[in-house]
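This report refers to the structure that appears directly beneath it.
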């Protein structure tokens, strides 16, 4: 599978032949009534995009990271765009893919959080809090619903957190197709090529993740973010890192930089830019 | 024909600010046979006396299950209760599907209150003529709620509604501090049956007319009828 | 009630020859025996208090809450027909959501007051509906970063749809005593809103409710207190935390001369209530 957001959900050319670009000139839903066409086209590509989100479980929680960049095609267009979002008290949702769809998702998540707080006394210890699993289930339904309307939200989401009742770490993925899965380490986009092998070296199973310390997990994530910055041209040095722990709650740093880089390998790479052989 | 000028519909206030039609709807509860609900810290028990039209007919259902963690008993117009049961089932299953979570009793009570209130403020339609005792368990523990046609939904340790229900209520008021601490479900049911017996006049309890509903942190909502209630008589 | 029985009071939306809407007036009657409800502004927020009469001893203490949240920064309490209040709060929540979807920020309390009063007023216009049988006190404070001006706002909305801003206001059964106390407090020479902290306002509201309850002494009650303040709750509407609550109740009791010893198990309930 090609993990470039532009290719998400597209049939591969090798399998189905080249994409018929005439379809891309089809009218959109708004023009439906005025055009003589008998089909509609909704979103077929993301416009402003965020790259990978990566996350791993450890003994008592989850570490999740995403950089703070929104690209317009290959142009690194907006800096300081946060893509990790706190929902409720023990959940962080990481969002990659189309940034305007992400912003739409945020208003939905805000509403979800507020509706849960209605008539739900926050000061008592007897609160029916939003759990990561509820938020994930809701988002997964939303994503699948939208893809079934042939009008997907062009994102891949990682929901991370701890269940405030049981203290169990939670980590699950859902994307624009409504596909969902859980794993001790999850990455979206380019991260699933570059970060996952590194993270699986740390913890290849739930059992191994349950042995992982926060420091190990954090280092794994930081190293992966470094590798991603080396090799993913849509990534930035500056990123956000959140730790959700069952005992200490959410620790969120939106201003981390990739450190201890070595670009020595770059001198051996040829074939792009202004470099001459 | 009417008792006064202000009781013809639900959209007329009396000069003292009362809504007679809604009050009359609440009276419909007393036409139904009695049902009693009570709870401990771990369980909720509903008991109800079923009625039959005549000796050969079957008994009217008294307790309805809405989800694995939720059910209610009713007094009053059973068809109205079925409308509300369908609504509760729908809301419960929606919650289960969308959030992967059993519906919270507080949320359910707000929804029911809104639904019932609507009928008391508009000319078309009429208020529900039924009272419900809702028993359920959620993340916050066990709950017993009383629903009324006015749209009032209250959370209680014990409730008794229906014909001659006062005897049961008095029993509950005297005993609730004791039964609140009970760990054993059978003991709690025994209290419920005892409370029910305070309301009987001509009837006697038997396996045909006693209906019991239980739910708790360790047990899904279960309806006990027929030979299963024998040991509680 | 000179025109009672002349037929002009039988339907909503009908004027009597002297220009009155009787059904709306009758709706106000439903409020007069409702639970005493108080709202008070302080320097950076508002405080709400409700006297909840315990009509049935099987009620679970601390449950059956009467104060509700319309939006994160707007609290609401009402006196009269409780289900009508829930209806109105539900409408308020819809308006809040609507506003947020349209303008991308939380609704100012004054905008909420206009929308809610329009809604309530509409229920006096048609004979197919009845007016709301509640007086609603609501208010809050919107932080500057959310498009507010950090000024707390407090309103009361009546069944006829009229809505006024207040420094402090009370409705329900004990309103006369409570309003007299509020007036005494606010008009006293030493009083200054710019120094009244949310905690002090909580104390005042608790004291006023206990005072207003004096006329109704034979009935037990549970006190509900909530607040929305920039300093205490970061601009969110919340129930007051246990310590503040207990302290306010203690002080209120001594202010009205209720010794600690003669509480009929009330204290236990209130601890539970948190």
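By letter and in written order, the chains are A, B and C; residue numbering begins at 1 in each of them.
The rule we apply is simple: a residue touches a chain if its C-beta (ideal position, glycine included) is under 8 Å from a C-beta of that chain, and two chains touch if they have at least 3 such contacts.
Just so we're clear, the structure is a prediction, and the values are computed from it rather than from any experiment.
**Student:** Would you identify the shape of the chain contact graph, picking one of line, ring, star, complete or other?
**Tutor:** Topology of the interface graph: complete, with all chain pairs in contact.
**Student:** Report the pair of chains linked by the most C-beta pairs in contact.
**Tutor:** Top of the contact-pair ranking: B-C.
**Student:** Let me check something: if the centre of a chain is the mean of its CA atoms, which chain is farthest from chain B?
**Tutor:** A
**Student:** Select the chain whose centre, defined as the mean of its C-alpha atoms, is least distant from the mean of all protein C-alpha atoms.
**Tutor:** Checking distances from each chain centre to the full centroid gives C.
**Student:** Would you kindly tell me how far, in whole Å, the mean C-alpha position of chain C lies from that of chain A?
**Tutor:** 44
**Student:** Chain A to chain B: how many Å between their CA centres?
**Tutor:** 47
**Student:** Suppose each chain is reduced to the average of its Cα coordinates; what separation in Å results between chain B and chain C?
**Tutor:** Distance between chain centres: 30 Å.
**Student:** Check each residue of chain A and list the ones that touch at least two other chains.
**Tutor:** Where chain A meets two or more other chains at a single residue, that happens at 118-119.
**Student:** Chain B: which residues touch two or more other chains?
**Tutor:** In chain B, 110 touch at least two other chains.
**Student:** Can you check the complex and tell me which residues of chain B touch chain C?
**Tutor:** Residues 5-6, 10-19, 110, 113-114, 116-118, 120-124, 150-152, 154-159, 169, 172-173, 176 of chain B touch chain C in their complex.
**Student:** Mind listing the chain C positions that touch chain A in their complex?
**Tutor:** 62, 65, 68-69, 71-72, 93, 97, 100-101, 236, 238-242, 274
**Student:** Where on chain A does chain C make contact in their complex?
**Tutor:** Interface residues on the chain A side: 107, 110-111, 114, 117-119, 121-124.
**Student:** Taking the touch rule as given, give the residues of chain A at its contact with chain B in the complex, in rising order.
**Tutor:** It is residues 118-120, 126-128, 131, 133-134, 136-138, 141, 165 of chain A that touch chain B.
**Student:** Once bound in the complex, which stretches of chain C touch chain B?
**Tutor:** Those in contact with chain B are residues 1, 4-5, 9-12, 22-23, 26-33, 56-60, 63-64, 80-84, 86-87, 90, 123, 127-133.
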